[in-house]
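The next part holds the structures, each set out as structure tokens.
Next come two complexes built around subunit A: one with subunit B, the other with subunit C.
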Partner chain A sequence: MSVAWVGSQPVPLTDAVRNAAKLLASSRCPVFTLDADVHGTRSAIALAERLGGAYDHAAGDVLAKEVALFTDHGGMFTMPGEARRRSSLIVIVGEIPVAHHELLQAWAGSQPDLGDKHKRTWFHIDGTETIEADKLARKLKAIPLGADGLSLPAVLGVLRAGLQGQRIAASLTNIDRFRKALTTAQFPVFVFSGTSGETAGLVMLQGLVADLNKTGRASSVFLPADDDAWGTALTSLWMTGFPPRTGFSNSLPSYDPGRWDIQRMIRDKEADLHVWMSTRGGETPPRGGKIPLISLSKTNSPTSGAKITISVGKAGIDHDGVSYSSRTGTFRAVQAAQPSELPSVSSIVGQLAQALPGRKALPC
Partner chain B sequence: MLIRLTGGDVVDPVNAATAKRDVWIRDGLLVDAPKGATADETHDVSGCIVMAGAIDIHSHIGGGNVNTARLLLPEHHRAHQPRPANTPLSNAGWSTFQTGTLYAQMGFTTVVEPAMAPYTALHTHLELADIPIIDKATLAILGNDDFTLSLLRNGKSSAMLDDYVAWVIGSTRALGVKVINAGAAAAFKENVRSFSLDDTVPEYGVSSRKIVKSLQASVTRLGVPHPLHVHANNLGIAGSADTAAATIAATEGVPLHLAHLQFYGYGTEGKRKFSSEAARLAEAVNANPDVTIDIGQVMFGQTVTISSDVMRQYLAIGNASPKKTVILDGDGNGGGGIVPYRYKQDYYGSLQWAVGLELFLLITDPWRVYFTTDHPNGAPFTAYPELFELLMSSNARDAKSTELNATALGLTTLASVRREYTLEEIAIMTRAAPAKLLGLKDRGHLGAGAIADVAVYRKGRDIAKMFREAALVFKNGDLVVKNGKVTHYRWGKTLRLNPPPDKAMVKRMQAYHEERYGLSLDWFTFPDSAIQRPDPFAEVIS
Partner chain C sequence: MKALTFTLLAEPEERLDLSALTPAGLAGLADVQIEKLRVGTTRNPALVGDVFKVTGKDPQSIIFEGGSARFDKIGTGLSGGAIRVTGDVGLEAGRKMSGGALLIDGSAGDHAGSCMVDGRLEIKGNAGDYLGGPLAGEITGMEGGLLIVRGKAGNYAGERLRRGIIAIVKGCGDYAGYRMIAGSIVVAGRVGAMPGYLMKRGSLFLDRRPENLAPTFVDCGETDIAFSGVFDQFLIREKIMDKPLLGARPGKFGGDIAVSGKGEILFRRGR
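Up next, the complex of A and B:
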């Protein structure tokens, strides 16, 4: 089975690495689309730094929204484990990615053992745009909180005003039930994700949580739209001081979600080489780019349109690694579930760095 | 490889060997002058001070909360990237890479991250492993988790607590234990908004004092070299000196380290009901040999406060500058708050600055007072050179005082204290004493057999410049800094105790995590190999 291709031609891995290194060495502004575990991310960022490139995650659009909640505002948060143990009132906000449904259902199947220890009640704050979310809400027997024709941020705004005792423009279904639930729950928790809505809506939600904390306690659980993307953001933060979208100029990192939006850079021909990673596999690079592409993808065939394709494994499946997990809200060491020969991103990136002129090893 | 540093003024209080003499390094270790041997490499360090590499016992350099601060404040990092020479705070040491670089350039070779939440230990160690050059160590946080509080409530045996503490130290790769506002984070989840030494945690009925005393005793019984590291209650509040005094009085012959005492040095005198109690606290420390303290000196300018004292950080939200904060009710001992803050040269800032200096100068024994800004809470560690100057020059203090709020300074003893730290005392406070406090026999001095962590400073009238830009720094014998700039990157280790786990405790932990979190224990633990660097850890033999 081939693991490396130049164009559509299978080649030995060393040839693919040599060819890819040539492209990297001659690039004036390479851009990196990341999709790997912590160690793959560390090596890729180190390579981007060496080459003066820029990077973002494959799920960069929704990640940027999540990052913006923090860079613009901040908020009050708790960990998934604490919510499970302490919260008897859980409010699902908008759309929560399918990957997290099992976690929420596990909470639904357990009883809080700290705090008020009441049987858990679920609500669901709904906007016109959240359609998929209803399925989850039904499974959790969540009581809907919303109003016909109102978007999620609007519902949150109305709810916030209503809870503050202000007169509200629209009536929300079940707001009285929710008020009542708040009076008995000692640690209500709002569960949200980057998929829940635009940053402004997430900021409004944090305003609501802050209001509740004036007299009682409340918090929120952030379930990232994509765990691996959030892990990449955290790794990027300690390595460079910045979340993605970050680029290097004069070897210093700079964070600028507009300037270093990789898709934009490709469209506007600011970038001249795209290193695209997809360890989850089954993905294709975004269209629209006319610049050369190096693909590091979990695949058994060459990536269409790529000058070079190198097949890589995924941490936790093909090899051991470290990934962010929403189960614990932090990093977890993951073991290979089905160990394979597929190389890790970090080993391929390490080989690329070694094949560059100067032959220096990467610091990661 | 044999290296000789010749002609320097060696400051080495541990070995009573402060004199003009040569220092010899062979294969990463310090050796006595070998007879008849010629050095492979000789450095003329005449006109220089030669000390062991400095050790910082309390600096928030990595982990979940530090990283969240980066996320909250990208502009902070941007503002602190290298700028034209020596602008104030020209670099806050914000990325892991900068952290190692900037510490090394000042001659620091070992730094302790003092607040590692056990459940996010892997994250902390991933960050520390990416800090180049220096060695690191961590203190694991205990005292706010359901497991500890339940043991204490249920009157379980001290042996069981010891097994638990040892398991936490081992599984998190810690060098010691820290307790942060004991019980307050758990109480805050139950909507308690203020918490003192004799207040009790709802549901558990256990007082803060009981938590501190139990952990202090446990750490001592286990033979952990570093005494329990205590972040006391009521940090930053007017009148907190009473809490600190009560905590100091409660040691009862057992060693205890009190962190960032400056933040507790406040009384309620004066028109603003915010005054200095530093003289009284210094006296209490001087009189109690069980106690060691570090200062947490405030320096002026923009910083960000990062603390696992979630109750205190929540109360500080109103003072945030810029106006954005993160408050995290973590699980177990995790969580905390990120509150950006600007120390102004107003009444409050001036008083805090003076309180820190009073404590430095009025506590007489340099073996029991430690040099910290509680980075970044009082100031970023990049402010250390200026702080050395303030301690070593009463003129420098006077000069700075003229810029500050006279009313505040009038409520302190600072102007009347003329003490100036000697180089010998600086070497004790920043090298010898930290090594002793942490149980690191292989460093903190320049005797034969120690690892060759050596800092060379060019003598000059500008004390801050001398300490900002070490002339030479060696880490384990590798020359890493020349003329204040890193010339060679290498990877240090994270020092840990690694006590063997009690088998029954591991079983108990497995059952606890499965029952309470619905997850097997391996979600919360990790193998060394997860760090993916060769030998990321080194054992400290106690």
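Up next, the complex of A and C:
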């Protein structure tokens, strides 16, 4: 089975690497879309640094929104395990990605056993309803907390003002039940995600959590819209001090979610080479832009429109690796479930670096 | 002495960082030195001489003949003198200005006037998002000066404004005055959703009743204060408006009561 193509022609891997390295060496402004495990991400960032490029994650839009809460405001956070064992009042905020529903349902099947041992109660703060959010709320038997016609940021504002004792015209359904639950709960926890709504609403939520901490304890659990994307953000922070949407203009890393938005750079013809990485399988590079594309993706056929395609494996399936788990709130080692001959992103990026003029190995 | 003029030779192939081309940055430099300043931001960065024809001598008065949405950081840290751009500019125009005047004949990208402290920034076209707002990781936005947009502004205009005046003549997007700390924002024309969301103090002045206000603003009825007349006169004197914005006895909302609730939205009644 072929693992490398130049255009639509199958070629030996070494030929594909040599051709890709030529494109990289001649590029004035290469951009990298990341979607790999920790080792692949580290290698790709090191290559972007060497080439003066910029990088973002494939789920860059929602990741940028999640990162903005941290860079622009901050918040009070706890680990999922703490919430499961200590909280008798859990509030779901907006829409939580389907990938986390199983985790939340597992919590629903348990009771807190440390500190607060009251029976667990669930609420769901919502703005614009979606089918998935409704379905989750029903499964958790969550009590709705909202108001017709109000967006999530507006509902959160009304809730925060109401809990401060402010008098406002708008009222929320089940607000009295929520007040009562707050009086007995020793550690209320709000669960949210980047898909929960705009950053402005998340900032209001964190203000509400801070208000509650003036008289008791409360916190929030952040469940990322995409675990791999959040793992990339943490890896990028570790390597450069900044999350994705970072570029290496003047050889130093600089973070700017507007300027280094890779899709915008391609659309506005600022980038002249796109290195697209995707280990999930079945993904296609975003449309738009007509710059040369190098595809490092889990595929058994050449990527449409790519100058070079190299098939790579996924950590946890084709090879061992390290990835982020929101269930534990940290990185974990993952073993290959179905080991294959497909090379890892990290090994291919390493070969690309060695094929560049100077033949210098990457530091990671 | 003739103004130091940078005439654009062709649309730049890369984004340019023009933060060095200010009166203070160029003072004492010969033409040859100026032409060798690096302004490109890619692996093979362009120099001033690659992109511009440089003429004139007076660095206290700088003119960019021609503009581009790739002109980033123009007038950064401007502390005195004047800069004029005869076209569009990109990101962060007039960031951290502390004096002088920056006039942009075209439109500006995101973060125009970001964290400016003093001086006058006027944009004759439209402005992008986060007008006067802070960059990622910064605590406060604009802290002084006068920022005028003759066209429309995008979302989050005046985010975390702490002092100074922002005037937008043809409307703005959502979340105007988001997390305002103090200062004044004037908007003539349509205002998007949730103006003043999370504002602690400060004033938003509108020429009409806001359509989509957060429920955490309280209707305070109409006000009978001398301030609105005085402020209208100021706007006309500064040639920001050609007729009174608020008029006599404007309407008022107080908020955002989810935070301290000491901010206000004054608006012209009857529109």
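In the analysis below, the second predicted complex is superposed on the first by the 361 of 364 C-alpha atoms of A that agree within 3 Å, B and C clash if a C-alpha of one lies under 4 Å from a C-alpha of the other, contacts with A are read in each partner's own complex, and residues count from 1 in each chain.
By our rule, contacts are C-beta pairs under 8 Å (C-beta built on N, C-alpha and C of every residue); 3 or more make two chains touch, one makes a residue touch a chain.
Predicted, not measured: the structure shown is a model, and the values here were computed from it.
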Superposed partners subunit B and subunit C on subunit A - clash or fit: fit
Which superposed partner A:Y255 touches (first subunit B, second subunit C, both, neither): both
Contacts of A:G207 with subunit B and subunit C, given as first, second, both or neither: second
Partner chain in contact with A:R332 - subunit B first, subunit C second, else both or neither: first
Which of subunit B and subunit C A:D72 touches, first, second, both or neither: both
Computed vertex angle (subunit A) for partners subunit B and subunit C, CA, steps of 10°: 90
Which of subunit B and subunit C A:G281 touches, first, second, both or neither: neither
First (subunit B), second (subunit C), both or neither touched by A:P153: second
Most subunit A residues touched (candidates subunit B, subunit C): B
First (subunit B), second (subunit C), both or neither touched by A:V322: first
Subunit B versus subunit C as contact partner of A:P10, first or second or both or neither: neither
Minimal inter-chain CA distance - subunit C and subunit B, angstrom: 5
Doubly contacted residues of subunit A, that is, touched by subunit B and again by subunit C: 67, 71-72, 255
Footprint of subunit A on subunit B - complex, ascending: 62, 64, 66-68, 70-74, 77-78, 81-82, 94-98, 119-120, 122-123, 126-127, 130, 132, 146, 188-191, 203, 314, 324-332, 334-335, 338, 489, 516-519, 522-527, 529-530, 532
Partner subunit A, residues of subunit C touching it in the complex: 13-15, 17, 41-45, 70, 72, 91, 109-111, 134-137, 175, 178-179, 193-194, 197-198, 214-216, 218, 256-259, 261
Subunit B-facing residues of subunit A, complex: 38-39, 42, 67, 70-79, 81-82, 84-86, 106, 110, 113-115, 186-187, 213, 216-217, 219, 233-235, 237-243, 252-255, 320, 322, 325, 327-333, 346, 363-364
Contact footprint of subunit C on subunit A as seen in their complex: 27-29, 51-52, 67-68, 71-72, 150-151, 153-154, 156-158, 160-161, 164, 166, 168-170, 200, 203-204, 207, 249-250, 255-259, 270
